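This structure is in structure tokens; I'll ask about it shortly.
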Amino acid sequence: MKPTRYERGLKQLSAVDGDGGVRVVEALAQSFPDFATYLVEYPFGDIYSRPGLGLREREIAVVAALCAMGNAAPQLKLHLHAALHVGCTPTEIVEVVMQMSVCAGFPAALNGLSAVREVFGEAGIALPLPG
Amino acid sequence: MKPTRYERGLKQLSAVDGDGGVRVVEALAQSFPDFATYLVEYPFGDIYSRPGLGLREREIAVVAALCAMGNAAPQLKLHLHAALHVGCTPTEIVEVVMQMSVCAGFPAALNGLSAVREVFGEAGIALPLPG
Amino acid sequence: MKPTRYERGLKQLSAVDGDGGVRVVEALAQSFPDFATYLVEYPFGDIYSRPGLGLREREIAVVAALCAMGNAAPQLKLHLHAALHVGCTPTEIVEVVMQMSVCAGFPAALNGLSAVREVFGEAGIALPLPG
Amino acid sequence: MKPTRYERGLKQLSAVDGDGGVRVVEALAQSFPDFATYLVEYPFGDIYSRPGLGLREREIAVVAALCAMGNAAPQLKLHLHAALHVGCTPTEIVEVVMQMSVCAGFPAALNGLSAVREVFGEAGIALPLPG
Amino acid sequence: MKPTRYERGLKQLSAVDGDGGVRVVEALAQSFPDFATYLVEYPFGDIYSRPGLGLREREIAVVAALCAMGNAAPQLKLHLHAALHVGCTPTEIVEVVMQMSVCAGFPAALNGLSAVREVFGEAGIALPLPG
Amino acid sequence: MKPTRYERGLKQLSAVDGDGGVRVVEALAQSFPDFATYLVEYPFGDIYSRPGLGLREREIAVVAALCAMGNAAPQLKLHLHAALHVGCTPTEIVEVVMQMSVCAGFPAALNGLSAVREVFGEAGIALPLPG
């Protein structure tokens, strides 16, 4: 039997961010169960599940966008964890954020690097990266 | 002898976007020569030239950011061309833009897809992509 | 039999914007069929179809958001048509846009009013509105 | 005698947000008295006082805009309180914020819902809402 | 007799942008007379008329903000004209826009420079500026 | 011998923000040494060092832009300190921020004034300013 969008989304959410993403959805579902369902179904069940782009590339795109927009700090942190989880190297992540100094300015990159420092600290990745 | 930042940037600009990027810089230099120099030196000579992230990944990040910000239409078009030039597949590009519906909303993705249609038209890529 | 999300979305899209919205989706489907499907399913099949908020209120919210963001001109025009279609009065629409001068600044409101003038012209609504 | 813009604004501010808005203006006036005056006069004395749009609709527009912009957290919280105060139902408010996932992306809606949870907590409204 | 806010605003609008600003307000008043009044009264009658900051500095601030936001092209052009009108040198204006590459990214600065080129062309200022 | 971009940038950073800016760069260099170098070289060594615009005017532009964008709180605070350091009067700074209510809306100005209150407190400047 074909999995539903929700089942596919939950599996994909796990693939993208391990337990972290699942816990976010569970917390959200306590207060806003319908939106928690949509979050699993559309972003993860529909979009992330598409075959044409790898998870590493998807996380690069998402980290870049959230860093450039600069108004979604909790989601940026979550997707920095996710980027590590799907196999982006710490160096690649720092490079994506530094690239945003060009697209969106130095404040966007600096705030992105603050989030990186926090997330790498939680993930036990020492900074500065060996260069 | 080590190339200057400008030389390295010009070479990188060419690698990223072939003649298209160089023409943009030359046109800019007619009116704003100092800023044309900075554009070659910092984004391309410093950032794009760094080894830790591939050009494909850099263009995925830049396309994502510009599409999400939604206020840089000429640069988005340029970087859609660049994404093709550095080897992103048409499918990957469309996936990155669709991913932005999650990060930045459906209008951002729809306007990104309009730019994709224009750029793919110029590049002779037929739409819809074979699915 | 329960309608699918797509069927429900298409019906809702029609309710929101008459033939205008349907034509936008059909044009989109020529180039990006999957995203056209998502656009029908998630925004219209899932969100617009929810019972807890009237269509008039939804369009007030959408017009306000797009006007404040200021980077989604084609979608703002479409939703100004939609606002008229679901029964917002011309006065209400102008008030929503003027309110955005407070939230997002005078340029956002001025560009919103330019879009209003264009859409009201297409809809045969004379300006200035009788006061 | 006709009330001045300031008097009209203060009365309107009270109508929109009860004591909460008045306290914000009083605190602001301690440090920036001229801007406190402008805040009463233009947004409330001029715009909110206009007859063509109800207060419920104005708050729907403002909540939508602030949630979509994503860079005005204190004002979003204030206007979530105001939306309740002028008679928007909790369900309507949650619907407006979920609608922003379409206009401005899932992060905007998720951060809006976090603000909703905080404000509803302060207002004694239990979540999840009965569905 | 003390001038009204409207009279003061109209005079200030003239001081800021000569006939250009007045024409914009007159055109706006054809369709949206109330908002044209607010535009004269609040931004120009209240804010621009304040003594604590020179008009040159105000225009530097406004050009910087509109260039950084990147979603208000017509207003950016108007205020580039205004900046010249109140005595900013062409060099100062170009410097402000280039400074935005730091605050808001290279696309914001590049689009700002495109607007500068257009406005300087209309004003008969040759580019590149003698350096 | 001509100073390098880095040397020129460090000197300019000191001129702009005294010890505050230098400390930010040193903290950044602990985790992200390459980006700390870029931050000294491009914004300060290249852009701030240009002769065509005074430091007071540059800080007015930067404060305006960061306040209008509303997504760079730590950088706004830093540049409010810098504006004082290069000789902007407290009144001029408050005027720039109030001007942003016109460009970017009242929430942007209100959040800018909160940052001003914090920074003026740190700098020992009493509010309200004598008017």
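Going in written order, the chains are labelled A, B, C, D, E and F, and every chain counts its residues from 1.
In this text, a residue touches a chain if its C-beta (ideal position, glycine included) is under 8 Å from a C-beta of that chain, and two chains touch if they have at least 3 such contacts.
Please read all numbers here as calculations on a predicted model, not as lab measurements.
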Neighbouring chains common to chain A and chain F, by label: B, C, D, E
Chains contacting each of chain A and chain C, listed by label: B, D, E, F
Type of chain A:chain E copy interface by residue overlap (half), same or different: same
Reference interface A-F: repeating pair among B-D, D-F or A-C with over half of contacts shared: D-F
Rotation angle superposing chain B onto its copy chain D by C-alpha atoms, nearest 5 degrees: 180
Inter-chain centre distance, chain B versus chain C - centres from mean C-alpha coordinates, in Å: 31
Between chain F and chain C, distance of the C-alpha-averaged centres to the nearest whole Å: 40
Approximate Å spacing (C-alpha centroids) for the pair chain E, chain F: 22
Sequence positions of chain E contacting 2 or more other chains: 34, 38, 42-43, 47, 50, 66, 68-72, 94, 98, 100-108
Sites on chain E touched by chain B in the complex: 69-71, 94, 98, 101, 105-111, 113-114, 117, 127-128, 131
Chain C-facing residues of chain D, complex: 42-43, 47, 50, 52-53, 57-58, 60-69, 72, 89, 91-92, 94-96, 98-104
List of chain F residues in touch with chain B within their complex: 34, 38, 42, 46-47, 50
Residues of chain F that touch chain C when the two form their complex: 68, 100-108
Chain D partner contacts - residues on chain A that touch it in the complex: 28, 30-35, 38-39, 42-43, 66, 69-72, 74-75
